[in-house]
Amino acid sequence: MRKLMSNRLAVPAFLALLVVGLAFVMPSNFYFRVAALVWISALAVIGLNLLMGFAGQVSLGHAGFFGLGAYSVAILPAQFGLHPVIALIAGGAGCALLAFVVGRPILRLKGHYLAVATLGFGILVSMVISNEAWLTGGPDGMPVPRLALFGWRARGADTWYWITGGLMVIGALLAVNLVASPTGRALRALHDSEVAARVVGVDVGCYKLIVFVISAVYASVAGSALALVNGFITPDAAGFLHSIQLVTMVVLGGMGSILGSVVGAAVLVVLPQALTVFHDYEHLMLGFMMMAFMILLRSGIVPSLSMLIGGRRA
Amino acid sequence: MAEFLQFCASGLTVGAVYALVALGFTIIYNASDVVNFAQGEFVMIGGMTTVFATAAGVPLPIAVLIAILAAMVIGLLLHRLAIEPARGASPVTLIIITIGASIFLRGLAQIVFDKQFHSLPAFSGDTPINIGGALVLPQSFWVLGGAVVIVIALWAFFNRTVTGKAVLATAANRLAARLVGINTSFVIGLSFVLSAAIGAIAGILVTPITLTSYDIGTLLALKGFAAAMLGGMGNPIGAIVGGLLVGLLEAFGAGYISSTYKDAMAFIVILGVLFVMPGGLLGRASVERV
Amino acid sequence: MVRRRPPLRSDEALLQINALRSGYGRIEALHGVSMEVNRGEIVALVGSNGAGKTTLLRAVSGVQPVSGGAIVFDGHDVTNAQPHARVKRGIAQVPEGRQIFSPLSIEDNLRLGAYLRKGSEIDRDLDMVYDLFPVLKERRRNPAGGLSGGQQQMLAIGRALMSGPKLLLLDEPSMGLAPILVDQVFQIVEKLRDESGVTVFLVEQNAFAALSIADRGYVIETGEISISGTGRELLDDERVREAYLGV
Amino acid sequence: ADTIKIGSSLSMTGPASFLGDPEGKTLEMYVEDINANGGVNGKQLELVIYDDAADANSARTFATRLVEDDGVIAVVGGSTTGATMAMVPVFEDAGIPFISLAGAVVIIDPVKEFVFKTPHTDRMACEKIFEDMQKNGISKIGMISGTGGFGKSMRGQCMDVAGNYGIEILADETYGPKDADMTPQLTKIKGTDGIQAVVNPGFGQGPAIVTRNYRQLGIDVPLYQSHGVASKSFIDLAGEAAEGVRLPAAALLVADKLPDDDPQKPVVTGYKTKYEETTGEPVSTFGGHAYDGLMILVEAMKRAGSEDPAAIRDEIEKTQGFIGTGGTVNMSAEDHLGLDLSAFKMLEIKDGDWTIVN
Amino acid sequence: MSVLQVEEIGIAFGGVKAVDHVSFRVNEGDVFSIIGPNGAGKTTLFNLVSGVYQPKYGKVLLEGADVTGLEPQTLARRGLSRTFQNLQVFFRMTARENVMVGRHLKEKRGLLAHILALPATARQNRESAAAADAYLERVGLGGYADTPAAAMPYGALKRLEIARALAAGPKVLLLDEPAAGCNAVETEEIEKLVRNIADEGTTVVLVEHDMKMVMRISDRVHVLEFGKTLAEGTAEEVRTHPKVIEAYLGTHGSKEAAVALG
C-alpha cells in the first residue's frame, strides 16, 4: 500500500520537477511562452482524459468550455469590473453549472452519437461567442485585462510559465487522486460495462455527470489561463477545430494516462513550432507525424512506450 | 409559396452534398467501425482534380474519370498505408489517424494544386429553371440525381450482394468474419475505395454550385458526420435523410428564422432528435444482450 | 455438408500440429503442443479453465498468431496462412463466445457461413441447418443479436456447417445449451462424422459426453498436452476421472 | 549583425489564405529584389515568416518568437484583424514597429505607438460605397454580410456611417464563411419592399456565391461588393453573374486603365507585372498591402539610417507622400494609416474586367 | 416470508413474447432455480427483475416492497445483485479492482475527499481491497488478484462476476448460468460456493443448464417455456414432470437429474 501511494504521486511529482527543471534551460521568453501553452493545453487535456480515457465518454465540444472560461476573464472584468481571479472562478463555476445542465440529456447518448451531440453543443457555444459581438467582440476577438494581484502585475512569459505550470501540476495531482479513489473506480467500471456497474449500485448517469462537470471545469480554467496569458482572445479558442485538437492530444498522449495528457499536449503544441522550417510542407508533415505516431504507438505515446520498456525489462 | 419552394430547392441541393458525404462515412463505418474524418478530403480531391484537369485541357468527362480514379487510389492508399498497419488499434486511435490523414491530404493539395478557390462550368448551363416561382439551377438536379443513383446502388450492394453482406459482417464482428472466410482487409480496403469514389463524385457534382478549394473538406466532414448521425450511423438511407434534413433545416432556418443562427438551428434539431431517438432517425437499435 | 462421401476413417492425419507455441503479448499460453487429428475421426480436447484450449483452436483457424511450431492441414503447411485461406481449404470454427453477426439477420449469418462457396448446395445445406434447429428458421429474418444465448450457440454451429468443412473446430459447443439440445449436438457431431465424413476437433467441458463420442482424446494442462489416448482409455484413466469427470 | 532581420506572421493557410498567400509571396519576392539591389543601408534583409493560419493564439506565439527568438527589428504582417490584435501587445511591449495588413479600423483607432497598417479601413469602404449610392439616388438598401471577422466588422461600420449618407438599411442578412448557398437569405432580401441596392461585405468565396445566387434569383437592383473581393479570381469565380457588380478598390486592380499622368500608375503597373510574372497568378490588392507595408518600412529604415526599432518607428510615423498600391500615404502621430477616401476607386465589372466609374 | 416475489410479469420484443405472465415467490435463504429451453425467457426474466428492462406489465416485490421498474443501481442498494450470462467484466481492471467496484455501495463517497486524497480515502481503498481479496479467495480466484481481467480465462471470469456480485452484499443474488464453460469438477466447486452463499442467508436465484447441479442444490425449481410457466415444484417433482422431460430434459438431462437426486 505504501508503494501504491508513492506510485500515485509519482506522476505529479515528476511533472513538478519537470516544470522547475525546464525553467533552468529555457533560452528565451519565447520558450517560456511555448511551455506555458503546453501547460495550459495539458490542463485541459487532463480534464478531458478523465472523461474520455477513464470514463470512456467522448466530447467533441470541450473547446466550448475552454472558450467560456477564456471569455469569462475577458468579459466579467470588462463589464462588471470583477477581478480576473474572481472571473476565473466564476467562469469555472459557470461551466460546471452549464455542464451539469446539458450533461444529463447529452450523456445518455453513446459512442458516436455522444460525439455528435457534444460537437453540436460546442458549435452552439462558439456560434454564440462569435455572433454576439456586442459582448464578445465577434470573430475578431476582444482584449483581456492584465492580471494584477496586490499591485503586482503578471506580465512576462516566465511569470506565466510558473503560474500555468503550477495550475497544471495541481490539476494532475487532483486527477490522479480522483482516479485512485472509489469514484475513479466507478468511472473506469462504467467505461467497460455500464450494466455491470449499475447492478453493483453505481449510479452511472450520476458518475458520468460528475466527470463531465469536472472536465468542464478543467477546460474552463485552462481557457481562462490562456486568455490571461495572451491578453487577447478570439472565438477560435471555442471552435470545433480546437475541440478536435484537444481530443487528439488525449489520444496521442494516451487515453487514461495523466502523464500522457501532458505529453500529448506538448507534442501538438511544440510540433507546429518545430515544423515551421518546412514552410509549405508544414501541414503535410504535421499530418504525417500524427499518423506515424498513432500507427507506431497505437495506445498513445505514454502507454505504448511504457509497454515497450516494460517488455524489455521482463 | 415561391419563397417556400426556393428554400426547399436550396435546402435539397446543399443537403444532397451533405448526404453524399454522410454516405461516405456510412460505408467506411459499416465495414470497419472507423469514422473517417478524411471523408471531406475526398470531396475536395474530386472537385480540385477535375478543375485542374479541365484547366489543362482535358475534356470534362475524362477529367471526371481521372478525378474519381485519383480519389479511389488515395482511398486505397489511405487504407493500405495508414489504417491497415494500425490493425487492432482502438476506434479512437483510428479516428485520430484519419484526422492526421485529412491534415496531410490538405497539406498535399495546397502544394499539388493551390490555395485559391476554383469553379467548374455547370454541366448543363446556368439558366435557372422556374418551378412554381422558385428559380433552381440545373446543376441542382445533377446533384440530387447523383445522390439518388448512388444511394440506390449502395442499397442494392449492401442488401443484394454477397460482398455487400461481407462488408456488414466485417463491421459487426471482425473475428467472426475472418472465421467464415472473409478477407477482412480486402473488404475494408474496398470500403475506403468506394467511399472515396462517392466523395469524389459529390465533389465533382457540387463544384459548379459551391466552388472548391483545398480546405473545403473540414466543414463538409463536420456536416456530413452530423448528418450521418442524425439519420442513424450505418444506415445508407439514414445518411440521405439526415443529409437532406440538415440542408433543409439550414435553408429554412436562414429563410424564416435568422441567418446568423441557421447552423445552430440544424444542431439544435439534431440534439433534440437524439434526445428522443438516441440511435438517430433510422438507426438500428443496437441489440446488445447481457 | 453432404457433399463429401461417407467416411473412410483412416490413420492419415488431416491436421498435424507440431511443437506449437503461442501466447498473448509476453504471456505464453501454449508451450509446444503436438497432436494430430486423423481424417474422419472425432478428437476431443479437455482441460480446465485457462489450459489453452481456445488458444489452440484459434491458432488452428488462423486468428491467433503463433510464435513457433507448425500446423499442417490436408498436406499443406498453413502455419502462416490467412484465416480465409484456411476456410477455403476446409477449416471451420465455432468460436468460444459464439461470435455471431448481431445486427444481421439469422439467415444472413448462415449464408455468410457459406461465403466462400458457390452453387445450389448452399440452399440445400441451409435447409438442413433449419431442420436441425427449427427455431432459427422461425426467426430467420430477425437480427441475430436478439436470440437467447443458447439460440446463438445453435446459430454459430449452423454457420460453421454452412461452409461445408473438412475439419470442424468446435469450442465448447454445448455451453449454454439446454440438456435436450446437448444430446442433440453430440448426436449431430457423430452424424457428421459417420454420414458426411467431416472430421471434428472438439473442445468440451462436458468431458464425459465428449470423450464418449470421441475416437481419440487429449488432455491439455497449462499449455501442454499431458495425456492422450482413445476416448475409452481416457474415460477410464484415473487422473482424468478425478480432474475432469468428477467421479 | 550583417543582416537586418524583419519578421512576419501571415495567414498563409486556413480560412484567410487568400490574403496571406499573396502577402507572403509578395514579401518574399521583394525582399529578394531589395537584396539583389544591395539591400538596405548596405545590409541584406532577412525575412522570417510564419504561417499562423488565422489563429490568434498561434499568431501571438509567433509574435513572441519573432521578438524573443528571432530578434527581428520590425514586423510586416498579420493578415486578419484577430491575429493582428493578438500580436499587438507583444510588439507594443517589445517596442518593435508593426505594420499590419488587416482591415479593421480598431487596429489603428485608437492609435497605438508601434502599430501601423496599410489597407484601407472597412469604414472607408462603406463610406465610398454610400457616396456612390448617394450619387445614384439610392437610399434604401439591403445588406448581406459574411459572419467572418471581415464581414462582421464591415457590417458594423456600414451600419454606423449609413446615417451620414441618408441611407436606410431595410434588410440585414448574414451567411457563414463557408456556406455554399445563399439563396434563402437573398430570397428574403428580394421579398423586402423598396430595396434599391444590396451591399455584400465579406471576403473569400462567399461573395462569389452571393453574386451567383443574386443572378440566379433574378434580383435586378445594383449589387455592391466590398474591397474584400478585389482580385481577378472573384470575376473568374462569379463568372457572368459578376457583370455590373460595383465595388470600392485600390487603383492596383485597374493599373492598365489608369490615365498616364496618374502618379500611382508606375507603382501599380510595376507591382502587378512583377507579381504576375513571378507567381503566374492574377494580382490582388491583398498582396499590394504587403508591398506597401514593406516599402514603407524600408524607406523608414533608410531615413532612420539605423536598425534601432524606435528610430524606425519614428520614421514610419513621418511617412509623407508615399505612393503605394493602395494610394498616397501621409501618416502622422494621430493617423497610423495615412490614406483618405481618394485612395479608393469605385469600380464596376464589365465584360469580365474592371472599369473605373467616375 | 418470500424475500422476492414476481407477479404476472411480462415483456415482448417485436412479436416475441419473451416473458408472458410469469409469477413466483422465493423464500429467504433458498436456492430457487429457473430452468427451461433455450430462448424460454430466463435471462429476460432476470433482466426484468434486476431493472435492466422495464416490464410491460406485472410487479416485482423485494422484501414485500414494490420495486417494479426501479433502476438496477437502486435495486442494488435495496439488496439485489446479479451476474450475467454474457460476460460483463471490467476488462481494463485487475480482478481485485473488479471486485472492489462491487464494494461501491459500502464505500464512503464524497467527491471532495476523493479529489483531495484525504486519509479517509486511502483507508477506504485499503478496506475495499482487503474485502475484495477475501471475496476472490472465497470464489477460488485468490491467485488472480493482480491479473488484468482481460488476461483471465473464461471460467475464471464467471467466478469473478460472482465475487463482484457478492461484494455488493446482496440479500438476493441472481446467477445466470454460473457453471457454463466449466467442467464437471469446476462445476462442483461452483455448486459448493452457491450452497455456501445460501447457507449464509443470501437468497440465490439460479439459471443453469447443468441438471446435476440444479437438481442437487435447488429448494425449488421453476420451469419456463416460450415465456410461460410450465411447471414449478421441488427438484423431484420437476424432474418427473412429463412435459419438462419432453421440452427440456430429454434423455440426457433426465439421466443427469436422476443421478443427481440419487
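As written, the chain order gives the labels A, B, C, D and E, with residue 1 at the start of each chain.
We adopt the following convention: a residue touches a chain if its C-beta (ideal position, glycine included) is under 8 Å from a C-beta of that chain, and two chains touch if they have at least 3 such contacts.
In UniProt terms the chains read A, B = Branched-chain amino acid ABC transporter permease; C, E = ATP-binding cassette domain-containing protein.
Nothing here was measured: the structure is a model prediction, and the numbers come from that model.
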Chain-touch separation of subunit D and subunit E, in steps, is 2
In terms of mean CA position, the chain most removed from subunit B is E
Farthest CA centroid from subunit A: chain C
Per the C-alpha means, the centres of subunit C and subunit D lie apart by a whole-Å value of 74
Note: subunit C sits from subunit B at a C-alpha centroid distance in Å of 42
Taking each chain's centre as the mean of its CA atoms, subunit B sits from subunit D at a distance in Å of 35
Residues of subunit B that touch two or more other chains sit at 110, 260, 263, 289-290
Touching two or more other chains in subunit A are residues 131, 195, 282-283
Touching at least 2 other chains, the residues of subunit C are 146-149
As the complex stands, subunit C meets subunit B at residues 61-63, 82-84, 87-88, 92-93, 95, 99-104, 108, 111-113, 115-116, 143, 145-149, 159, 163
Interface with subunit D, subunit A side, in the complex: residues 27-31, 33-34, 37, 130-131, 133, 138-141, 143, 155, 157, 226, 230-234, 236-237, 272-273, 276, 279, 282-283
The subunit E residues in contact with subunit A across the complex are 50-52, 71-73, 75-77, 81-82, 84, 88-93, 97-98, 100-105, 107-109, 111, 113-117, 121-122, 124-126, 128-129, 161, 164-165, 167-168
Within their complex, subunit D touches subunit B through residues 12-15, 17-18, 21, 147, 173-176, 178, 180-181, 183-185, 187-188, 191, 204-205, 208-209, 216-218, 233, 236-237, 239-241, 281
Listed in rising order, the residues of subunit D that touch subunit A in the complex are 13, 50-51, 55-58, 60-61, 64-65, 67-69, 80-82, 85-86, 88-89, 93, 104, 106, 147-149, 152-153, 156
